[in-house]
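One structure is given below, encoded as structure tokens.
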Amino acid sequence: MAPIKHTDLYPTNQYRLRPMPDLKTILGPLTLKNPTILASGIMDEDAGSMHRMITSGAGAIVTKSIGLDPRPGYPNPTIVETPCGLLNAMGLPNPGITDFTHELDLLRNAPVPIIGSIYGKDPEEFSTLARHMERHHVAAVELNVSCPHAKHYGMEVGMDPQILSNITAAVTHTVHIPVYVKLSPNVTDIVILAQAAADAHADAIVAINTLKGMSIDLDVRRPILANRTGGYSGPAIKPIGVRCVYDISQHVSIPVIGVGGITTGADVLEYLMAGASAVQIGTAVYLRGPTVFSHITQEITDWLTTHHVARLSDLIGAAHP
Amino acid sequence: MAPIKHTDLYPTNQYRLRPMPDLKTILGPLTLKNPTILASGIMDEDAGSMHRMITSGAGAIVTKSIGLDPRPGYPNPTIVETPCGLLNAMGLPNPGITDFTHELDLLRNAPVPIIGSIYGKDPEEFSTLARHMERHHVAAVELNVSCPHAKHYGMEVGMDPQILSNITAAVTHTVHIPVYVKLSPNVTDIVILAQAAADAHADAIVAINTLKGMSIDLDVRRPILANRTGGYSGPAIKPIGVRCVYDISQHVSIPVIGVGGITTGADVLEYLMAGASAVQIGTAVYLRGPTVFSHITQEITDWLTTHHVARLSDLIGAAHP
Amino acid sequence: MNAPRITTVHTGKQETPTVKTLTFKDPSPIVPGQFYMIWIPGVDEIPMSVSYISESIKAITFRRIGDATEALFNLRKGDAIGLRGPYGNGFALKGRRPLFIAGGTGAAMLAPAIELIQRKKRTATVILGAKTKGDLFFERRLSRAGARVLVTTDDGSKGYHGFASDLAKDLLKNASYDAMYTCGPEPMMKTLLAFSGQRVFEASLERYMKCAIGLCGQCCIGEGVRVCADGPIFNGKTLKTIPDFGRFKRDASGGKISFSQAP
Amino acid sequence: MNAPRITTVHTGKQETPTVKTLTFKDPSPIVPGQFYMIWIPGVDEIPMSVSYISESIKAITFRRIGDATEALFNLRKGDAIGLRGPYGNGFALKGRRPLFIAGGTGAAMLAPAIELIQRKKRTATVILGAKTKGDLFFERRLSRAGARVLVTTDDGSKGYHGFASDLAKDLLKNASYDAMYTCGPEPMMKTLLAFSGQRVFEASLERYMKCAIGLCGQCCIGEGVRVCADGPIFNGKTLKTIPDFGRFKRDASGGKISFSQAP
């Protein structure tokens, strides 16, 4: 067999001069192969769905937010589209932690980190849930203290820095895995909440959850969602998410994970420059289909290549002075 | 001359059976010929501009927010478009109340109500400004306690119910004209603020001002607006505005004026059903041009006609249970 | 935009004491097998297959089994309902000598597919299975369309005495059907799949649906296969790779319900 | 979308000690008289007329008078600037025997209009007015394009000794110009309007601009006429209805500045 010449392996100059950009990003002990994470509540209620999203190229997966007991969520309509985004009022449907751990067990050997999202009404509930998640091998837990439409859960526990601090501290004391805190933009000052979480030893801030919105049908003259109000996601909210990430990352030293309206590789880059170390993608799974992760990853690769950026991580916070 | 027969005046049956719907709406002592009001900050810094908006069919005009002293606002870029709305960080440019009263004097005989928008840093400033406005014959004053990007002014005075209450009370004690309070959606609970304003005898709540957002340019890796963050307006924010109006109108008994993303007659109807007694229109002046008021008014008329609604005011709050 | 558009009930026809057909105006083009999300304002929004297709008028046919279907049952001409969709893939209908097997209300969504086959000058054989004679519907409609309609009842009150799948098994032995299309209880469809051999096989699945636009994951089976967006019609090849098929579904909370326990 | 798109400086050419032309890639079609909002990141965003038009390359020509123009002046090949636009209406250029009157940097935005006239095989007469010889630019460019170029300087250092408007007055007396196009100090343009009689008259106005998309009202004159969106080119008929013309403009705060006080 003839020896392989250098030019055979690297057929054109271009290839030799431009190695594939490095898309890795680091979140404390976790390294993601790319910065795109499946956001909580989208295609993540069972192992099969999460598996599909992994196959589609997500760098990590956040599970549906899980509580202690099964919860059917709100009656339909639970979702309605508006010209620039979706409103949803799922109402935190989930099978409860006990059932859900079976799903987690099926993902034990998943090739990307699985992040367990949990919601509860007090520090004890959050701690119990986190312990379950840890036992079933999630790589991190994400505290959903920001669902805009679930009574007693979600936002109601995440708007007060003191309560948030107590919950975060309880969980960080309970488990050894990283603890992420997902914040709501429906507050007067998201930075204070981020600081409260960071001071209570959260390992990352996730921003943002959905904005509280409503859509009314003119013909029947009533709000369309059964719950009347719902959480607003999709392209419309991107400028708000970018602003939150920018402000938070200026004031806390832990990583920030950006969420809200990300639909393209350019959107990811905008969040990274605003200070995010990774991003989550929700509504775009609808807008661009389940293969969205590989599309977005490709778009990021193309941009980095065109702009001669070798490492994605070099862009984190680039828009800060 | 032959006597005019009935059929000459009403050539078809249709006309006889369907009189023009009544678009009037009542805000305390003021009656608007139609519910569309020019929002503050758009084509309203001088009498000529406001005159053009009146000619274009606005039911009332809110002036640019005016302070005690001239203020150049922020450096450019002060505006940037995003796929679903605009971000602006004008920074409250205005010629100061003294200069501005000359513009008001030119509008003394305006055929529609002129509402004077004012901003200040404390109850005294607001009261002084309101007194000037009243002396120069505005029909009402609107307190801008909600600009998301002006240090010491705007939102910073409008996020705390106590401060808001003090400002509102000071102004309502000072002037005899109606006092409207314009609220920010960038707060944890807009209803509490609305109640604080109502308890301090505000005559109407105006909701919403812009949401705090940011847009970053990837090529130069920095926020586009000179002020970095700006206020987000346009279609993207409509679901948030509708939700705020719905929630507020459920909890206060004074009229609510809806603002945020209104671009069509259908959008106006959605706000009315959510509980607004009138609406303000800003970004749509850009999206549809200065003639937007007559277009929207026509769309409302068409809808009311098709749906056999005789009086627009019958729809106010129709989406409430 | 995936938001309900309001239409009004055009006609309501009672098919059996518990089954009703509502027609309404909707100009959407539909592939047989697709479904709407039907909003009954103030009550619920539920998935409903299209049971009749003309250019401007569509229909749904449903059994009254709970709140939402009860509310639908009581609607009258002129009442408002909201429509989202049509959603889902619809039947591919590739075979030339097709056998349709309808269990219960499955007849509702198969009917437009059968009519389409007849319009294409192929002849459909249809097994209409019901618990009892009084539950049967669409027999006349399908016969008139030219299909060969065979009735089965579990209690023998009309037609073949036994399950639709039993009659199907018999028919498949003797005749040269090259395709099977079915909608009905999932265990029945699983049984049919076992009989299908090399034939074209398409079955319509039902799962609890929320978003119906492939986002929320509520309706997923197997490896993230979304019944709302990737289905509701699946071919035999796919169904064989889905362990859930015929075994369990999920309730609104995402908890598993085995079909043997299910009502 | 009205957001800056980044391009890089292609060439920079110094026209006078204080005037420079920068070229850059931009494929936008442009009507002479239109302008860009030029973003100098970290400094400012300012309106700048287009001073050169080819299919893929455009240019701006500006005088260094403050922060932003100073920063622009110092840009080098490859430096990034942002563009919004083109904005505004551009010249209608209806006349057949046109007289162009440029005062100061007004020559920048008139040049593409003059070149267009020449390409249309009409002959433009151009008065280039400047304070002094060293401030003149584009004389050669316009002569080469075939225009008849007449120079005036306030100090008589070159060409006609006096104001551009004085020479215009003379020319209009003797020759049969049917159109006047002008850009320069507003009082000069107001004087020219007074001479225009029945001729086509178009003048380009400058006002402090913020949004440049017709929304904020910062640039309005008369009865809400937006210089950014309804202008910046106005015909004589309109200008006669605008009391502000030649009398005052507004600063960034919206306060009035009379042209007699203005720098």
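Per-chain numbering from 1; labels A, B, C and D assigned in written order.
Here is the rule we go by: a residue touches a chain if its C-beta (ideal position, glycine included) is under 8 Å from a C-beta of that chain, and two chains touch if they have at least 3 such contacts.
What you see is a predicted model; the values in this text were computed from it and never measured.
Among the remaining chains, none touches chain A as well as chain B.
Once the centre of each chain is set as its mean CA position, chain B and chain C turn out to be 51 Å apart. The mean-CA centres of chain B and chain D are about 37 angstrom from one another, to the nearest whole unit.
Residue positions 82-83, 215, 222 of chain B each touch two or more of the other chains.
For chain D, residues touching at least two other chains: there are none.
Judged by the touch criterion defined above, the protein chains link up one after another in an open path, with no loop closing it. Chain pairs that touch one another: A-B, A-C, B-D.
On the chain B side of its complex with chain D, the touching residues are 41-46, 48-53, 55, 64, 70-73, 75-83, 86, 88, 90, 93-96, 99, 215, 217, 219-220, 222, 224, 226, 282-283, 285-286, 289-290.
For chain B in complex with chain A, the residues that touch the partner chain are 82-85, 87, 159, 186-188, 211-216, 218, 221-223, 228-229, 232, 235-240, 242-243, 246-247, 266, 269-270, 273-274, 303, 315, 318-319.
Those residues of chain D that touch chain B in the complex are listed here as 1-4, 6, 37, 39, 41-42, 44-46, 80, 82, 209-218, 220-226, 250-256.
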